[in-house]
Amino acid sequence: MTTKIIFSGFGGQGILTLGQIVATIAMKKGHHVTWMPSYGAEMRGGTANCAVVISDKLIGSPLVDTNIDALCAMNDASVTKFLSKVKPGGNAFINSSIVTESPKRDDITIREIDATNIATKVGNPKVANMVMLSGFLKDTDLFTMEDIEGALHDTFGQKYPKLIPLNIEAIKAGA
Amino acid sequence: MSKKVLMKGNEAMCLAAIMAGCKAYFGYPITPQNEIPEYMSQHMEESGGVFIQAESEIAAINMVYGAAAGGVRAMTSSSSPGIALKQEGISYLVGSDLPCVIVSVSRGGPGLGGILPSQADYFQSTRGGGNGDYYIPVYAPSSVQESVDLTIKSFEIADKYRTPVMVLVDGLLGQMMEPVEIKDYKPTLIEKPWATNGDSGRRKRNIVNSLSLNAEGLEETNLRRFEKYKEILKTEEMVENHVKDGDEMAIVAYGTPSRIVLNAIDILAEQGIKAGLIRPVTLWPFPYSTFANLPSSVKNILVCELSMGQMIEDVRQGVQGKHPIHFYGRTGGVIFSPEEIAKKAAEVAKGGA
Amino acid sequence: MSKVVYEKSRGLTDVPMFYCPGCTHGIIHKLVAETLVELDVLEKTIAIAPVGCSVLAYEYFNCDCIQASHGRAPAVASGLKRTNPDKIVFTYQGDGDLAAIGTSEIVHSAHRGDNVTVIFVNNAIYGMTGGQMAPTTLTDMKTSTSPFGRGTASSGIPIKVSEMLSQLPSVAYIERVSTHDVAHVRAAKKAIKKAFTYQMEGRGFTMVELLSSCNIGYGVSPVESLSFIKDAMIPYYPLGIYKDVS
């Protein structure tokens, strides 16, 4: 079983961190996992994305081009670029606070999450990325809230322990 | 004791270098290896080492020359055009029999090229761009874990044979994160009685030098160095050979592209085509003998590289005309997909390519 | 009864020097060697030889020696000194090595304030390769690659290294001295000693530029070549201290 996820949005939306948290969860659950950022000119421009591949066997290519199992899209450009590449039966989580057009595909599960607005209400629009995780909790069985908390402790525990409660609150607000 | 952490290839190689007792890092910014000088600037000092951001790749490799001459484990890193600039220094390091580790995170070329992953520096790494009769060991890891293990090994091999050692990865591995198991490791530092560390009060003075104006003397030095190479060729070759009896095709790839080939092999299996991967781990010494002893079931060999075909020359030399060799490559930073490789392999299997 | 009134410094080996008769490299080697002995640091010194006439300096200085690639001696010194901060490190470089191919390395070693000493031998010509024009070759001076005299339109006006490097904030000490007569040689020794003393005190980058001669390259007698330093070089390359942090 191999799951391919794309996280995509503006630079500064915490896209790469979000991918890392999911990769950390997978690692802690004992899966094989790769995290691959898009790098290059794109980093300096508007969009950032990363591919996370989770598998119960050795992962070949860390790149995800087609057959995306789950897409986490936080801006319009991400929807344009990746929605058509989600495989039939797959999931798409869309930040509807920012994405203007209503994405159309009948053969996948699309969940629109008012992530930026929810994050602002919780106290910081920067945690919109974490609100997007609530979609995964609802529509996939990749991980649980406890798994996320564990990964947050691993990611922020040493340097920014204060950030953890805010992040958890954000995810719960989205759910 | 060991712990599992999620790390980028570039950073993992730094952690490995520090674990291996690297006490000096000198480098210059170039994409896609910037995480290396960044990590080293943060961590060298706390581990009792030295970090300098050099004014150029040329200066960086010469700082390595100075630190290595003084007897400490030293490292530099760069990417393709920067490695080109280091070639003079690498030749001098070889000529003076100095150990060091050079991490090369390659990108598309020639010239300034691009910044996306490429394997077009196989010749640069295994044949070198420096002057003179020489080789250096080149390790080509394919995962973040292996880049940790091989970076540590590189420091050991460098000291053991008094030679520069290169760890060659492509931008993909440099940028990718994977879980890495960090095991306790204590480097075994060997005595370096030859080091010019300013201890001549306690011994005969030492000279680190590659100049030899006497032709016979230089020949003798070179012959001695090639005796060392003989030993390296005999003992240090590493290869992963998955080709089984009954496989009709061997697909050859190194580094991260070998993982893409693994996916392609799965696709081929669904089509009833049995193929196995051969992954050279050391590019020099190249595992020639693996290719001389393939199962008789192998009808074709397909070499896959992110270049116009460079390693294929070594494969040819290993195969010695016993099997037809085919090639599939993308260049300039374009990365092949498993589907592309499977398509090419299927054509080859049908005798169409 | 006889007593020793002069002996070769033990800072030098017994290897016969390869320098041409009339060359001032021998004098400069002696000054550096004597200084290292007098400061009692010879046994903890590492000399870094350049490419050029003094490429074989590693044969002559009686301490640990490294031979560097052309122009890169300051980078080698930097890597060595940073990893061996309690040792004495100096480079010995000619004007082709330091002021042409190695400009980047010397500027940035000075810029970083590396705690090393640079012995810069400026004879305004490439000696080893047969008398070609250097960046320090005087205007209108004839060499094998400026047969009509150095033209400033094509080659620029000779580079003044001490003046240039003294502008860098991290530099501790730079002095230009000459080797053309005994009084100046003695003054040169003082400068060299000061540079190494500063290094021992950890003050940072130090350099002594020694105006030197190449009678073979100039195509004149040794005596005339010393006069050339006095009459032609010193007016363009004024002697003196260009930077001193004390």
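First chain written, first letter: the chains are A, B and C, and each begins at residue 1.
We adopt the following convention: a residue touches a chain if its C-beta (ideal position, glycine included) is under 8 Å from a C-beta of that chain, and two chains touch if they have at least 3 such contacts.
All of these numbers come straight from a predicted model, not from anything done at the bench.
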{"item": "Reference subunit B; chain at largest CA-centroid distance", "value": "C"}
{"item": "Pair of chains joined by more contacts [C-beta pairs], B-C or A-B", "value": "B-C"}
{"item": "Chain centre separation (subunit A, subunit C; CA means) in Å", "value": "62"}
{"item": "Distance between chain centroids, defined by C-alpha means - subunit A, subunit B (Å)", "value": "34"}
{"item": "Distance between chain centroids, defined by C-alpha means - subunit B, subunit C (Å)", "value": "40"}
{"item": "Complex contacts: residues of subunit A adjacent to subunit B", "value": "20, 23-24, 27, 32-37, 39-41, 58-63, 65"}
{"item": "Subunit A partner contacts - residues on subunit B that touch it in the complex", "value": "4, 6, 31-32, 114-116, 171-172, 175-179, 256, 259-263, 266, 335, 337-338"}
{"item": "Touching residues (chain side subunit B, partner subunit C) in the complex", "value": "23-24, 26, 50, 52, 54-56, 58-60, 62-70, 72, 74, 88-89, 92, 96, 196-202, 205-211"}
{"item": "Complex interface listing, subunit C residues touching subunit B", "value": "42-46, 48, 55-56, 58, 62-69, 72, 75-84, 87-89, 104-105, 107-108, 111-112"}
